[in-house]
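Below, chain A partners chain B and then partners chain C, in two separate complexes.
Right, the complex of A and B next:
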């Protein structure tokens, strides 16, 4: 699969179709996973080989969806660029959306650069409904889906992918991609080498894979947007009991290690502040452990994070003084 | 057991002309197919199954009608415009449309969203026709462009999804020669059609039957009529025969009854005459010889052996004694002679001897003379009352 950079792809596309693809490859973020852009591969032409280029008018579009990557063929007609494109939905040969649900197809406007992107989004919505329909093959998974649908936090921020039945074992698998309702507004500014690259929206996604129709084998996985991931140095991706954050306060960068005890939330997490500049006499990074800070097991996750953040703000000046006083650079 | 199969047949030159027409076009192309759809039911008997019915549906592509551009008979929502189709078809009839095609360069052999929607809507326009969709996908076989590849697949809606059906190319020489041709050759050229149409009426009737078939059919009808007439005649004669046989049976029955009746009467007579019958000749002889001894003419004796006089016959049976019983008279004469003289016995003896000699002379000399002189002893009628039987 020849993955092309957006510029290379655009250079090979027929000039009449270029504006449409430009918005797709540059601004094409669809679905929950807006960190990944839409990608274009396998550029081909419907013209004869004797036709001088650039004349590519058909390609494969890679769309991130529910932890999968959909590969849809999009077919234009370079000699008739006014016409709307045609689609082949890869392995989902049974997916046949209603034209009435695709207003950007029915009222295709070749002059509108956003038309193709909007059409892809509409198709993706129809695809999501098609996958939800396929969940009916498993009553257990359908129950899980219906339960999440009723929750306002997840109802509208969910992508479902119902895998195919294994023709050998008859097993049916599915994946739910949920957008976690986390407030990232107070996360520090994203630090990147290439400041021109837009990291996209801050998002935390939870992918839950059901390996069988009875949901006896469930595998969760957390995805964080780059800006969030940059702030998170490391975390326990299995038990989610440890988290290390790199934070900055008034140009002072420090690490905060959060350890969740075995009986969390009954027992209070341990916060370990660690300076990245100062060392102790034994050669370790200067750190201070805090076990008593404002905490209540009755708080929900967001409240706990909010209270912890407030504590950080109150404690950091004190920690900084201690690091400067007791640590060596 | 029933089996269904669908096959698409197209002649080599029709497919070749379709490919050639579009191979050099600078864009995707599409059009309509003209042809006919045939259904055939075959019944196969094998060792394992006695009832295996195979329904073979053959769609013959005879011609293609090209559209000038794509989207010429449907809109962005893939809704089909029947008027535009009629314009595209021009002189061809709608009922001869058996499908449509699309040539799509450098793409996969899979129906697209639009193709599925258009096909769905075409099926709504012609719900009684089995429509096919032929997808042709030319592509470069090699990166240098020295070899090109053209793949084609025919799709048909099978109720729940689109499935591919085999495409059979019929050329001048078929590789499978061992089967009989059960369907006529497909894809005739225009001039061929015109020539056939010109002379068709000589061979075919108005309803597309061969004229000979019609003639044979008429003759068959005439034969059936004749058979019907003859059958009626036979029936009448059979009925007559049946009636006559019934009459004969009746008559036989009547005869049998009459015979039986006579037989019954005879039996009755016999049964009555089982009682001892009278010997009329004896009775007459006894009357002649012993007219005064009626007891000699009795037929019934008592237990002690005495005649029952009441049952003695006193009837004159009217028998002519000289004629019927001549010997009865001779002893009478003899008795009168004996009465006359006793010496008459020798004469009688000699008479008897003479008679016997005479008899000897007349009879075979080898015959032994058994008789010595036969002595006829006659007793007087009054000598004894004991009857001698």
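Right, the complex of A and C next:
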């Protein structure tokens, strides 16, 4: 598979089709994983070999979806660029969307540069419904899906990919990609060397893989958008029991280590505040451990984060004074 | 080249395709159109060593022609919705001949696209063809344009999703196997061809469109069949007559064998009695000068053989025992002393009874029995010959019986023992 940069791919596309492809390769962010753009590969032409280029009018579009990458063939006609494209949905040969529910196909407007991108989004919506239908082969997974669907936090921010059944064992697997409802407004400004690169929307995605139809083997995985990853120094990606954040309050930067105990949420997490400027007499960074702060095991995750955030705001001034008083620069 | 061919489904598929290059390869964009032809069903029965009979059911689709569309989206809109009005305008009166449709697109996967599937479903419903086929042509070139390949795949999308592709073979392009016989001809739809046939066909075809020579051959064949049937009847009748005659011959042979056995038994009894008389005559020869009467008067005559059974019509009947005896017997005439069969002086009739030609009557009996057991295909001449040989044996027996020649000789009479040797007997009784 030849992976081309967007500019190279555009240069090979037939000039009449280039505007449609521009919005796809440059602004094409579809689905929950908006950090990954759509990619174009395998550019080919439907013209004769004697036709002078650039005349590519058919290609393979890579679409991130539910942790997978869909590879759809899109077929235009360079000799008739006003005509809508045709699609081959790769390995999903059984996926047959309803044309009447594709407004940008029914009323295809080749002059609209966004038309192709919008059509892809509409197809993706039907693809999502198609995958949800496949969950019906497993009552356990269908139950999980229905439960999430009822939750307003996840109902509209979920992508499902139902794996193909193993022809030998009959096993069925699936992956849920959930967008976590997290408030990132207080995350520091995104710091990147290349300020021209758009980090995209701040998002935290949780991927849950079910390796069998009875959900006996579940593998979660957390995906953070680049800007969020910049604020998170490190975290335990296996057990999710440790988290270190780099925070700033009135130009004072400090680290907060969050340690979840074994019997969390019954037991309260430990918060360790650490200055990045001051050292103790023993050469360690000045830090203070807090185990008694407002906490209740009955709070949900968001409530806990909200309360912790409020505590940070109240405690930081005190910590800063202590760091200046007891620490050495 | 034009698009012609046939497609077989079921046990096997074969597609003969000749593509119209002008329509498919010269033009730079996708092409589509309809396949015209007819559908029929064939059942092939085959016999092999492992199975007595196996039948193969084939669904044959013949592609006679094609109807290209002038451009894409000529009978459907952007959403793939088929317009029946436009469809009829393209197909006109050939709608009933549609058996599928095709599309040609370059450098794409050999897989039905989204729009093609949508259109196919609607065409199946509108045209009323449950097994509508879709033929996909794809033209693939290498990056440096050194190699170009025209590929084709035939789909049957209305069947199960696991069996949509139909394998193809092209018998008339490439290495044609000797075993691939064309079982039907593809009709020629050319108007010029039809006009020529119509103009000159009367010389070769009769009013029904059948070649005259073929009809004449069929008539000859029918006449031959009738003759063969008549000959079969005659053969059947003659065979029955022959069978009946053979049965009669068999019965007669059995009677002959029975009479032979009885005749032989009587002969032996007679010989025994003659021997006894000879002994008596020799004993009395010193006492009496009267010339004994001829033995011919004393010897009992054996019952004459029936000439109709034993002898051919022109042959002379066997001489009686009296004719075989010499005229001057020296002994007195005595009545022969009857002796029972099996007595010590009476040789067993089944052993050692020579016939002069080395065979024995027992062998004659066996021969007679063997003739009874033979199949009907025995030659009657051979039977006649064997029968005549039996009669000759009987004659030779009459003429050359050692009993007769030895009993009339002067001197000590001899008795033929079962072992074939002559032994002298002394007053045996």
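Quick note on the criterion: the second predicted complex is superposed on the first by the 329 of 329 C-alpha atoms of A that agree within 3 Å, B and C clash if a C-alpha of one lies under 4 Å from a C-alpha of the other, contacts with A are read in each partner's own complex, and residues count from 1 in each chain.
Heads up, the rule we're going with is that a contact is a pair of C-beta atoms (placed from the backbone, for glycine too) under 8 Å apart; a residue touches a chain by one contact, two chains touch by 3 or more.
As the structure is a computational prediction, the values presented were derived from the model and not from experiment.
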| item | value |
| --- | --- |
| Superposition on chain A - do chain B and chain C clash or fit | clash |
| Partner chain(s) touched by A:89 [first = chain B, second = chain C, both, neither] | both |
| Which superposed partner A:77 touches (first chain B, second chain C, both, neither) | both |
| First (chain B), second (chain C), both or neither touched by A:108 | both |
| First, second, both or neither for A:173, with chain B first and chain C second | neither |
| Identified clashing stretch of chain C versus chain B [41-49, 365-373 or 401-409] | 41-49 |
| Those residues of chain A which chain B touches in one complex and chain C touches in the other | 44-49, 51, 58, 73, 75, 77-80, 83-84, 86-89, 93-94, 96-97, 99-100, 105-108 |
| Chain A residues within the chain C interface of the complex | 44-49, 51, 58, 73, 75, 77-80, 83-84, 86-89, 93-94, 96-97, 99-100, 102, 105-108 |
| Chain C to chain A touching residues, read off their complex | 25, 28-30, 72-73, 78-81, 105-109, 111-118, 141, 145, 148, 161 |
| Chain B-touching residues of chain A, taken from the complex the two chains share | 44-49, 51, 58, 73, 75, 77-80, 83-84, 86-89, 93-94, 96-97, 99-100, 105-108 |
| Chain A-facing residues of chain B, complex | 24-28, 69-71, 76-78, 104-108, 110-117, 140, 145, 161 |
